[in-house]
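Per-chain numbering from 1; labels A, B, C and D assigned in written order.
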Amino acid sequence: MSLKKRTYEILNVSREKGDLSWWVDVLLVTLISLNALALILETVETVFEQYEAFFYYFELVSVIIFSVEYVLRVWSANAAPAYRKPGTGNLRYALTPMALIDLLAVLPFYLPLLGFDFRIARTLRLFRLLRLFKISRYTKALQHINRVFQDKREELGISLTFTTILLLLASTLMYYAEHEAQPEAFSSIPETMWWGIATLTTVGYGDVYPVTAIGKLLGGVIAVIGIGLFALPTGILASGFSEKLSQEAETACPHCGERLEGSRS
Amino acid sequence: MSLKKRTYEILNVSREKGDLSWWVDVLLVTLISLNALALILETVETVFEQYEAFFYYFELVSVIIFSVEYVLRVWSANAAPAYRKPGTGNLRYALTPMALIDLLAVLPFYLPLLGFDFRIARTLRLFRLLRLFKISRYTKALQHINRVFQDKREELGISLTFTTILLLLASTLMYYAEHEAQPEAFSSIPETMWWGIATLTTVGYGDVYPVTAIGKLLGGVIAVIGIGLFALPTGILASGFSEKLSQEAETACPHCGERLEGSRS
Amino acid sequence: MSLKKRTYEILNVSREKGDLSWWVDVLLVTLISLNALALILETVETVFEQYEAFFYYFELVSVIIFSVEYVLRVWSANAAPAYRKPGTGNLRYALTPMALIDLLAVLPFYLPLLGFDFRIARTLRLFRLLRLFKISRYTKALQHINRVFQDKREELGISLTFTTILLLLASTLMYYAEHEAQPEAFSSIPETMWWGIATLTTVGYGDVYPVTAIGKLLGGVIAVIGIGLFALPTGILASGFSEKLSQEAETACPHCGERLEGSRS
Amino acid sequence: MSLKKRTYEILNVSREKGDLSWWVDVLLVTLISLNALALILETVETVFEQYEAFFYYFELVSVIIFSVEYVLRVWSANAAPAYRKPGTGNLRYALTPMALIDLLAVLPFYLPLLGFDFRIARTLRLFRLLRLFKISRYTKALQHINRVFQDKREELGISLTFTTILLLLASTLMYYAEHEAQPEAFSSIPETMWWGIATLTTVGYGDVYPVTAIGKLLGGVIAVIGIGLFALPTGILASGFSEKLSQEAETACPHCGERLEGSRS
């Protein structure tokens, strides 16, 4: 077995607990999780001030490991049947969503070295959030949700169209009802849409609400009728997700947990 | 083929992508969408002040196009089997909901020209919102919801009756519990209904809430029991909608997307 | 046919549109609805001050009609097979929930005449709310919900027990977390339960919420886990209600709307 | 029958109403309920001040009874086939979750007697809350929920992973959008997660909400898409619970209410 093929196997999700590939998985999942933790803790001022150096070196080590991982993944992509051809195969692999995520997750670190403005690079730090998605190789949770969006894209399309129209309608009516009484909170229709979303999702922060009699009447009717209709896209997502989960349960082999042949993806 | 018949075909939703009728559809859908956008952006003061003239001319062009569309639709209605008879057929078509929407969506523009008070005309500007419904000819989202309201009208009737009684009951009890402690927020039963709707829909803005011990106890019981019952009309709408969506999926031809014969409308 | 039997038939829900019994139904439903409206409008100060006399006479007329209705219902109860025996039959009818509601709905008016303190009588005005339930003879909405509570009483019992334990647990933990930081809002466990209900039902008025780190962490965990469990009684009620509605649809004769024989009540 | 076996039978849930074992059940359930009530009422200052002595003696009596119950349960555990072996059997029983709950529910009372610091003992008073779980021997509500967590642990695991990622994603994006405008409320990502939970669960207290245009836009999108996905673990719990309830209904003997043989636990 060539070095390339071996590298490919090691980087992919291991099938057997305890071998080298499995330990690499554990290392990467741990590193991704620690990166998420660092991203969160860095924003807590007291923590950041005390451990600034530590965060810097941890970022440095992470970028190096993720960069090596990225280079090896692109290089060893030829070992997969779909990207067999050297050169174009590697390039085609480099353009897959997962590979782009791998690239964008480390790129912001190199930009200042290449002469880019530091200010732009700082904005790009948000790209570090993409490292979180690297975990989707190892967990079923994100793969599930991805498939649900694929399966239900038509229903989601129709119900999002409808939801948009409903939100527009509710907000326009409420704008005309409340604009005069509360010119600040209901200053324009886009601004009123903030009220619309808070009401139709039943979040109801309470920063804006109608105060006139007609506005309250309208708001009441919108709440009673609109909430049921507005819940459609969320309902479709939720039911799609649980369908997937029960499908998974049915089509998985009871012995090894592997997906059985002939089951719908 | 007569000119009338050709006009009728062009105005109706095209069956073939790329022909003249299809381009008219695209034009009208675009114009309706831009009208919705204009309606929203006009209310943003900074945008309106800068582009006042533009908004005026856009409105003018829109009204002319929609007026021509309306006149042609009424004139060519005879080409449809249901409105074959000239004169009475055109009139009967003009009284269908969609035709009335088309008329009311442009009428406010003409009223001042006919000598009506400007002030009334300004109130009627809200009728421009009706243009949004013109899009229902081209999207399935609004047609679906319309059919759902038709199919479930009996269940909706019963559950809305019940919801009204529940709201009345909760608000009356809460009024007697809180009126003395908060004479402003719970000034009357209709005013207390605003609390009732915010609570039973779980929106909970937080502008009014009980403060007395008995009011909080009552509010807690109402919340636990009432929310499930209040969710009925919204649940009926949501389940009706998703039934329709799955029915649609089953009865559509997999090749052309057309609805198969014998399927329930 | 005896006068008693005829009275019984007239007072019961008519089976044929347009006969005397039907007109009595219409009269009573209208009167009940107007009573509900009066109850609401009386609390609006400006309306009450202007129409005080009108409200008084309307109440007088309503009480007289409802009293006559009550007396006739008790007197004619013997016409029903279940209460055939004069005397004891009438008494047994008078003790049915619906007859007690009829009585309590008019009683407060007579108490001052019988020498009772006016102050007590005023408190008893809330009993006028019971008139609303008289409408359950004529609408299916309240009968449905009654049957749902009957059918699901065991599930409701178990899930209410569980909900109570969950609320108690969440509130006790939150009390210990927040009591020191907010001794006013979280002054005791019963007081904290108000926060618990507002959170677990997702109403979230925003009058009380945790402010400490531990309180927010606890509140977050309670919200994510607890909401699903707390929604159980409301979910049971809602699903029971829609089961009843679809059962009704299946077992009703498609011609006359009457319930078919052999169907489960 | 030995004394040990008789003790075991008496302490376990009675199968026949009215015998000694049944009366012991009634006594213990009552005592547990009264303990819950005392725990709640003690925190109401006015009540506590007036009945301080009473609460002390009630606690004393409760601890004695629960201690005796605990000792007898451990001692008589050998009567159960699973813990037949004296010594190790008793020890193994003492390490079951229910036995540990029994122990921890009384332990804090004894710690000061054993020389522990009073301050620690006071913190441990929260352990009294564990007495509430003792009631799970007698009610089906808590046993149900326990089984639901067992049955659905895999789905719950996947959806909680996903929920965590979603919360992290939403909070990080919102932190970068709002941190500058509201450095207090959105001071760090962990702090922003409080907003994230309040929004994604639709509780929406209204203590924190976005104020910038980009924050509101982001918040709107997160609310519409995220709520449906965030509802997954709660939905799984709720549906698991109602499955259990209907399973129970089907597999219970209609005469005695006992569970039928061969039914899945």
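Note that a contact is a pair of C-beta atoms (placed from the backbone, for glycine too) under 8 Å apart; a residue touches a chain by one contact, two chains touch by 3 or more.
Everything numeric here is computed off the predicted structure, so don't read it as measured data.
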Co-neighbours of chain C and chain A - touch as defined: B, D
Chain pair equivalent in interface to A-B, over half of contacts matched, among A-D, B-D or A-C: A-D
Same vs different contact residues, chain C with chain D, by half of numbers used: different
For chain A placed onto chain D, the superposition rotation in degrees, Cα atoms, nearest 5: 90
Centre-of-Cα separation between chain C and chain B, whole angstrom: 33
Between chain B and chain D, centroid-to-centroid distance (C-alpha), Å: 47
Multi-partner residues of chain D (at least 2 other chains): 198, 202-206, 231, 235-236
Residue numbers on chain A that touch chain C, as the complex places them: 202, 204-206
Contacting residues of chain C [partner chain D, same complex]: 154-155, 158-159, 161-162, 165, 168-169, 172-173, 175-176, 179, 187-190, 198-199, 202-206, 209, 216, 219-220, 223-225, 227-229, 231-232, 235-236, 239
Residues of chain B touching chain A in the complex: 36, 39-40, 43-45, 126, 129, 132, 135, 139-142, 144-145, 163, 193-194, 197-198, 201-207, 230-231, 233-238, 241-242, 245
